[in-house]
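Below are structures written as structure tokens.
The same chain A turns up in both complexes below, where it pairs with chain B and then with chain C.
So, the complex of A and B:
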């Protein structure tokens, strides 16, 4: 790695440095709120560094618009996650949790900036390994341990499958650079080019675990239920964002056009994932388990975007690019989900988190004004996740489904596959309304069970929920700039800006 | 795609075939003359004096993890020292050649050492070296 590349990795270095400071200083003292401030300061310094660095090509890195989008996303979602897990009291393990969270953010940014298979895998592991610590230290009950062990073993298996796929990609192209693989496979990849198609299958399998797509979703409900609300918020954002970026990088960029089956895999995964997630969520009473199935279902919606991009060849005048819709949806999903967990964190007391839908009963008629406000916040997030019009979730689903309707297709019957995909997506959104509205119904139309919640002194998670809700409403009212920001980050936009380079490459 | 799948199937079939064949060969052709001495658990040539399935104190594993700090340090410092002393070798890949500038190599090694010392400090503060 050259010194240019080291300078380009300045933001990642600053976040990792903040993690080291928190880990070591946390061994000397335990005021948790102070470490949260250190973490926020580290993220702020990284944001300044990211804003002031001019992106330039440096060998193992690939700092394009997509990388910049995900790095900003990682910093912003990291700040929200720190606010969500804010605790006022001294906490023996607070420093470990916060340091691990910072390392996960650095890992997401590294995945975004990686232009090489090895660096990409390193970034994914930098997300996975601290996640084991967060899951284990976060909740030391038997359920928490079960969650940590399940996540640990299955995550290792998924990493091994992904590495197996990457090795085939390397074998087919003879290089680990993503750009190099792309060039080599466009040229036909020699006699080993066929291995790239095989690699795609393993890459889809390995990364399906990270994004919690069927049939690699089995861990999600148990792990979400077993861990804390903070841990579940982290799991629903960080591995998903990094996994989707790695999928776009590997399947849509590195192995572009290698296999005509790529869109079929993405389409089948999308259908299975959203249907399974939504149907199983209908039976859940545990809030984190419900949100775990919701997280699976939303991974399915986002896979529609990937399938649309891989299907390529859109109708003239089709307004929505698949990858842009995916990124836009990821942002909206992350805001609503982190916001929900932050609101639940505000309601719970130390050692007694809010677990069940029943515990939210009658929240909207609570005597405490902030608890009443929390009911409205959670309702806004649920409506956005359902996709009810004035909120952000509607525009996200519109972009994905309209994108699927806009695919013309290069093969016979391909268009009807995508029309069917869009119809199934809409049916799924209707199914999902049932369980999201059940949560809202419990808060607004049921009698409170037990004493009304006091909320306590956790004003910072409450503030995080308010920020998320404001953004959900803002994106709902003015979606265009947010969608355009995602649109500028797609591989298609990169090709529009430099058509002559692509022409040369071909 | 089909041109690729056939060699792969052949590869996996021969893998499984070889493993099964070796096991079966050992099963059928191996002579079995069991004596008391052969059945005895091997313990460095000593006569076993207690059951070997005992619980170990969890503190041993903490010591093993702390040992890793020094082990990994040694593992990385050898190649670092070679690159630092000899400069970039012509047969190294381009990335290593670009990194072969002495100040950068030296700084990289120092950052690595500082991080290891921080890990050591963390262990010390967390009471890993206190044999309670």
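So, the complex of A and C:
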């Protein structure tokens, strides 16, 4: 690794440094709020560093517009996650949890910047390993332990499957550089090109675990239910963002080796994932379990974007690019989900988190003004997740479904497959409305059960929920700049800007 | 070249077999430590095929990758042992099937087939049948025998 590459990794280094400071100093003093400030300062320094360095090519890294988008996303979502898990009182494990959170953010940024299979794998592990600690330390009950052990074992299984795929990708091309593999497979890949197909299947399987796609979703409901609201917020953002970025990077490369059937896998996974997630969510009473199935369903919607990207060859004048819609949707989903968990965190008390839909009953008629406001915030997030027009979720779904309708396809049946995909997506959005509206209905149209919740002392998670809600409304009212920012980050935009480089490469 | 390809083929087959044995062990065992070792075996299969590919392509990238895989596996082993220890203290057993309180509401717990206890009967030792004439004992010998 050249020194240029080390300078380019400055933001990641700063975040990891903040994590080390928090880990070491946290052994001597335990005021969690203070460490949260240190963490936020680390993220701020990383943001300054990220804004001031000019991206340039440095061998093991690949810092293009997509990488920059995801690094900014990681910093912003990291700041929101720190605010969500803010505790006022001294907390014995505060420093460990915060340090692990910072390392996970550094891992997301590393995945974004990786241009090499080794670095990509290390970035994904830098997300997974601190997650085990967050799950175990975050909630020291029998349920917390069970969630940690379930996540841990299935995660190492998924890592091994992903690595097996990466080994075949390496074998097909003879280099670990992703760009090098791409060139090699574009040239035909020689007699070993067929291994790329095998790699494609294993990579899809391994990364499906990270994004919680069917059939690798079984851990999600149990782990979300067993962990804290902070832990669930973390799980629904960090592995998903990194997993989708790795999918966009790797699958498009591996797909060069096999004729053009990669979109079939993505399409089948999308249909299975969103249908399974939405149908099973209908039965849930536990809020985190419900949101886990909702996160599975949203992974399915985002896979539509991936299928559109892999299908390629869109109609002339089609407005929505697959990857742009995916990134746009990821942002909107992350805001609504983190906001919901922050609001639930505000309502809960130490040792007594809000677990069930019933506990929210009558929240909108609570005596305390901030609890009433929380009901409105949660309602906004639920409407956004459903996709009701004035809020951001509508534009996200519009971009994804319109993208699927815009695929012309290289073979006759392909267009009808994608039209069917869009129709199924819309049907799914209608099914999802049932369980999101049930939560809203409980808050507004049911009598409060027992003592109403007042989470007075937790004002920072409340502020995080307000920020998320403002952004959800803002993106809903003015979606264009946000979509355009995502659109500039796509591989298609990179190809538009440097057509001669692509032509040279071919 | 033929030789190289045959060599690669052999190593890839062994790597895939290690990976497959690991998967089978992972899904069929109930002891937490054994499950972790099965996952490690999958990683060894991956490492073997990476090294074989590196040899075939005459490229060091694969070997470098293996070094990083081993390092990450060591980190995971440290965490795994800590986690297993805590779970063992909580439940007093290494059986993973004890950890199934988190599941769909109203679903019965999964009960695996009980492994029958090995029956431990009191052993019956073979006995020598008395045969022949009983030897005569020397009285003085028994009297002066030192007590053991």
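Keep in mind that, in the parts below, the second predicted complex is superposed on the first by the 499 of 506 C-alpha atoms of A that agree within 3 Å, B and C clash if a C-alpha of one lies under 4 Å from a C-alpha of the other, contacts with A are read in each partner's own complex, and residues count from 1 in each chain.
In the analysis below, a contact is a pair of C-beta atoms (placed from the backbone, for glycine too) under 8 Å apart; a residue touches a chain by one contact, two chains touch by 3 or more.
Remember, predicted model here, so these are calculated numbers, not experimental data.
Q: According to the stated criteria, A:163 is in contact with first (chain B), second (chain C), both, or neither; which is it?
A: In the superposition, A:163 contacts chain C only.
Q: For A:3, is the partner it touches chain B (first), chain C (second), both, or none of the two (neither)?
A: In the superposed model, A:3 contacts chain B only, not chain C.
Q: Under the stated touch criterion, name the partner, chain B or chain C, that contacts more residues in chain A.
A: Looking at chain B versus chain C, the one contacting more residues of chain A is C.
Q: Thinking of the overlay built on chain A, is A:59 touched by chain B (first), by chain C (second), by both, or by neither?
A: first
Q: On the A-aligned overlay, A:373 touches which partner chain: chain B = first, chain C = second, or both, or neither?
A: neither
Q: Once the shared chain is lined up, is A:50 touching chain B (first), chain C (second), both, or neither of them?
A: neither
Q: Would you check which partner chain A:440 touches, where first means chain B only, second means chain C only, and both and neither mean what they say?
A: Once the two structures are laid over each other on A, A:440 reaches no partner at all.
Q: With the two complexes superposed on chain A, say which partner A:24 touches: chain B (first), chain C (second), both, or neither.
A: Only chain B; A:24 stays clear of chain C.
Q: Touch check for A:129: first (chain B), second (chain C), both, or neither?
A: second
Q: Output the chain A positions appearing in both contact lists, the one against chain B and the one against chain C.
A: Overlap of chain B and chain C footprints on chain A: empty.
Q: Provide the residue numbers of chain A that touch chain B in the complex, in ascending order.
A: Touch list, chain A to chain B: 1-3, 20, 23-24, 27-28, 59-60, 194-195, 197-198, 259.
Q: In their shared complex, at which residues does chain B touch chain A?
A: Against chain A, the touching part of chain B is residues 1, 3-5, 8, 94-95, 98-99, 101, 104, 115, 118, 121-122, 125-126.
Q: Residue numbers of chain A touching chain C in their complex, please.
A: 117-118, 121-122, 125, 129, 132-133, 136, 142-143, 145-150, 152-153, 156-157, 160-161, 163-164, 166-168, 170-171, 174-177, 221-223, 225-226, 283-286
Q: What does chain C use to touch chain A in their complex?
A: Per the touch definition, chain C meets chain A at residues 12, 15, 19, 22-23, 26, 32, 35-36, 39, 42-43, 45-46, 49-50, 53, 56-57, 59, 61-62, 64-65, 68-69, 72, 75-76, 79-80, 83, 86-87, 90, 96, 99-105.
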